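Each of the next two complexes has chain A plus one more chain, namely chain B in the first and chain C in the second.
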Partner chain A sequence: MNGTLHDLQQAIISADTAHVDQFLENINNTFDYERIYNECIEPALNILCANIQDRKGAIPELLMGLKQVHRIAGATGYSGGSKRQEKILMGVVEGDIHDMGKNVIRDVCTGYGYHVTDLGKNVPSAAFVEAAEAQQADIACLSTMMSTTVQAMEKTIMQLRACRPGIRIIIGGAFMNQEMAGRLAADGYAKNASTVMNEIERILQ
Partner chain B sequence: MEQMSSMERVLATIRGEETDRVPVCSLAVGVTRLVSGCSFPDFSRDSEIAAESMIRTNQLVGDDIILCFTDLSVEAADFGQEIIYPQHSTAYPDYENMLIKEPSDYGRLQGFSAEKGPRMSTYLDLCNILTTRIGQEIPVLGFVYGPLGVLGMLRGMENLYRDLLECPEDVKKGLETVTDVLVEFVRAQFSRGVAGVCIDTLPASRSGVSPLLWEEFEGVYTKKIKDEIAAHGVLNAHHGCGFSPYFKEVRKWLDPQVFSFADVPEDCLDMLEAKEKYGRDALLMGCVSTELLYTGTPDEVIRESVRQIDLLGEGGNFILAPTCEFPPNGNILNARAMVVAAQQYSRLRERESELALA
Partner chain C sequence: MNTHILTIAEVDHNQLLSLLGYGSENPAPVSLLLRIQELIGSIIPKSLTALSAMTTITTIQHGLADTDAGTINSPTFGDLAVDAEAVIFALVTAGAEMDQLLHDCEDMVDAMILDALGSVLVEQGVEMLRNKLATELGQYVSLPFSPGYCDYPLSEQEKIFSMLGAEALGIHYHPVSFMMTPVKTISCILAAGKKPLNTNPCSICQLEQCQMRRLG
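Here is the complex of A and B:
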């Protein structure tokens, strides 16, 4: 099975749908998702993210790899959320509808085994607060691409801190940066989907 | 040196001649509605209102180039994409109802004459009003969103990026149609007297696709637009505000005379290398961050502008500008602060040296 798992890892990285199909057919429900995750999915995601940071890849390749991860999880009945303890809440703040970055980050976090609640786009601060309390969220990932919604971001951060004082908040989006994270009292900033795992690990320390 | 007009200053900069000061382009677009008091929808859809907003802002700020631009939905709207026009934000496609719903739809895109597109013709009117009223004193730069960006507005960028790898030939059919329309769109801009055209290729960076994908899916097509610009002998400018922009590939396909950018190019270690590698043959335009322009004070913007002139302005070939459109809800005083920094650069440098010595 080792060779097969290594091949599967490569198939995720190269988005080789046919190979993933073949693998899923061959295992015929006699799989160990833990092993697939440990030996294929996590290493493949690590490589896809590193490729972006090392300038060997970009978002389309990561999206295609995530699509394969999603297919494997679906075929094996894995529903996510079993690999990590922390619960993540995410959404695009009110007034903004650009959700591509948030969607990729959601799929990365899910792929790495986090339990993710995605509130979608144009999300009012009250909806973040309600979900954070209901889900007992540990981390909130807030996104906006625009400067017109910075105030909505600030308001959401303040209200999340008031309702769940221990919550860790990461912001992202074209208009955001590390300095803005400081100004808005966020715990971290994810430049893109390839760095979000490092940032989550950093703020949890 | 005697004070130059904006036109003289910009032309001298392009020719590599000495200027009285660094030229400034504030990239003030949506924010200009705050000067005239109009709404976002009116600014996007009424050329007279947009023109007055831009002219009055230019008079207030005193910058040297006007970018004739309203928002990124112009081209997509005329292909038939449903657009939402919020009162308090920039227009955007209805992402719940994309025109291209599945890969086979790329081949169904219909070309049309830019002159007859409702949004494009409004934009062309805007070019005409600006060049007629102030084009003799202030260079007016036209604008076109790159073919991959336009297709992203019709399909959704996330789906488009998957399609590039899953069904590339379908995407290319769409790119052919879009590019033909964009070539005619820039041709129509020349007939309105613009001094140049800026091509925006956002995916040409690590925020977008890999360099090879960019060359295959945008470089090749955008070159047709660049060739049209070059054939008309007007200024060929490029804007890309993503992380690690692909200057090498952009130069290969578009050979721009101006690089408007936000981050250190992919093949450079820092801005100094970017200046050395690209800023000798072409003009660099930047790089006051839009985050600072939104959150900073005019004093902070002046200090950062002086730093940018120090960094990128040595030897000329430089236009001081934001890294992207001036924040639409930003403080217009910060646009003025950039001009003040350029005007008082020598005095500000002396003052900084005195303070450092003290």
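Here is the complex of A and C:
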């Protein structure tokens, strides 16, 4: 059985749809998602993220692996969001509609078992505040690709802190960096989808 | 103002793979390369629309180029244009069709490929337009210089749009962020002249750490 799970981990890493199909057919609902997640999915996603950081891979491979993860989750009846207790809110701040990076981050967080509320793009600060309160969000991931929307980012961070003082905030996007995170009073900065999990774990400590 | 239809014969694969995060040390997997080929072969629009308008440089004062359309607020462009006679204002767009493809795409891998493809196509379109203008004018034409890069303020977007009347083609910009729709659109200026130009603004730009630096 361990060999089967190891094979599945490799199938996720190599985005081998046929192999994943074979696994799902063989288990015939006898595996629980918890075990598959712990022994296959999380290690596979960790390897895919590490490959990006080591320049042995790139984001599309992580996305292809995540596709397999979502298929496994669907086939095993896992509805998502129950692996981790923290709730994540995310969106692209007002004035910007570049949402590719944010969408990748959303899929990574979902793949790692977080409950994610995605507010989309061009999101006013008031909408972030309303959702943060309604969802009792623990983490907010804010994104922008532009320099002209840094003020919108700053305003959103200030308002989120005012409505939920304990919320942890991570920023990302082309003009963002660790220094900018400090300047905008964010808790963390994710350079790309491969580092967001490390950053979430760091700010939750 | 001139309208150009630019047809991309072949997508720049190296640039595309680079945008997706691949290089010589981490080549893209075969399955991804096959999917890229499928997308290029089936649904990607290959024709781009471009607008251009030329205005005369009257003087270079305090390092800035004064033109019939106003002052170009970039010292770097002023340096670049010192031997130029004209400024060309230009817009190249992949159009609303590309935006719709991106909007409708529900598969994240496809969406990422399409997003990168759109960027590569408009970059190629700008280079195609530059070569076309150089041939038609019989002049040297610099590399493009876009608002938001180097020391050329984003607010200069307004000048480019007022020169080109781009809204008639369905190209708009946000009055605060200056972001354009369709998303896969490049606005730029180019210097043109009969004397050989230092055609690359990056070679005289002070932002040495800029990720978009075009040298070498």
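The rule is simple: the second predicted complex is superposed on the first by the 205 of 205 C-alpha atoms of A that agree within 3 Å, B and C clash if a C-alpha of one lies under 4 Å from a C-alpha of the other, contacts with A are read in each partner's own complex, and residues count from 1 in each chain.
As a convention for this text, contacts are C-beta pairs under 8 Å (C-beta built on N, C-alpha and C of every residue); 3 or more make two chains touch, one makes a residue touch a chain.
Just so it is clear, the structure is predicted and the values come from calculations on it, not from any experiment.
Participant: In the superposed model built on chain A, check whether chain B and chain C fit or clash.
Facilitator: Because the two structures are overlaid on the shared chain, the partners are seen to clash.
Participant: For A:Met64, is the partner it touches chain B (first), chain C (second), both, or none of the two (neither)?
Facilitator: After superposing on A, A:Met64 lies in contact with both chain B and chain C.
Participant: In the superposed arrangement, does A:His6 touch chain B (first), chain C (second), both or neither?
Facilitator: After superposition on chain A, A:His6 lies in contact with neither partner.
Participant: Just chain B (first), just chain C (second), both, or neither: which does A:Met100 touch?
Facilitator: Both chain B and chain C are touched by A:Met100.
Participant: So in the superposed three-chain picture, is A:Arg183 touching just chain B, just chain C, both, or none of them (first/second/both/neither)?
Facilitator: In the superposition, A:Arg183 contacts chain B only.
Participant: On the A-aligned overlay, A:Met146 touches which partner chain: chain B = first, chain C = second, or both, or neither?
Facilitator: After superposition on chain A, A:Met146 lies in contact with both partners, chain B and chain C.
Participant: Across the two complexes, find the residues of chain A that touch chain B and also touch chain C.
Facilitator: On chain A, the residues that contact chain B in one structure and chain C in the other are 15, 52, 55, 57-61, 63-64, 67, 95-98, 100, 103-104, 146-149.
Participant: If you look only at chain A, which of its residues touch chain C in the complex?
Facilitator: 14-15, 51-52, 55-61, 63-64, 66-67, 95-98, 100, 103-104, 107, 146-149
Participant: In their shared complex, at which residues does chain A touch chain B?
Facilitator: 15, 52, 55, 57-61, 63-64, 67, 95-100, 103-104, 146-150, 174-177, 179-180, 183, 191-192
Participant: With touch defined as at the start, can you tell me which chain B residues reach chain A in the complex?
Facilitator: Checking each residue of chain B against chain A gives 86, 88-90, 92, 95, 156-158, 161-162, 164-166, 206-210, 213, 241, 243-244, 266, 289-291, 294-295, 324, 327-330.
Participant: Which residues of chain C touch chain A in the complex?
Facilitator: By the definition above, chain C touches chain A via 20-23, 25-26, 28-29, 31-32, 107-109, 111-113, 115, 148, 154, 174, 176-179, 181, 183.
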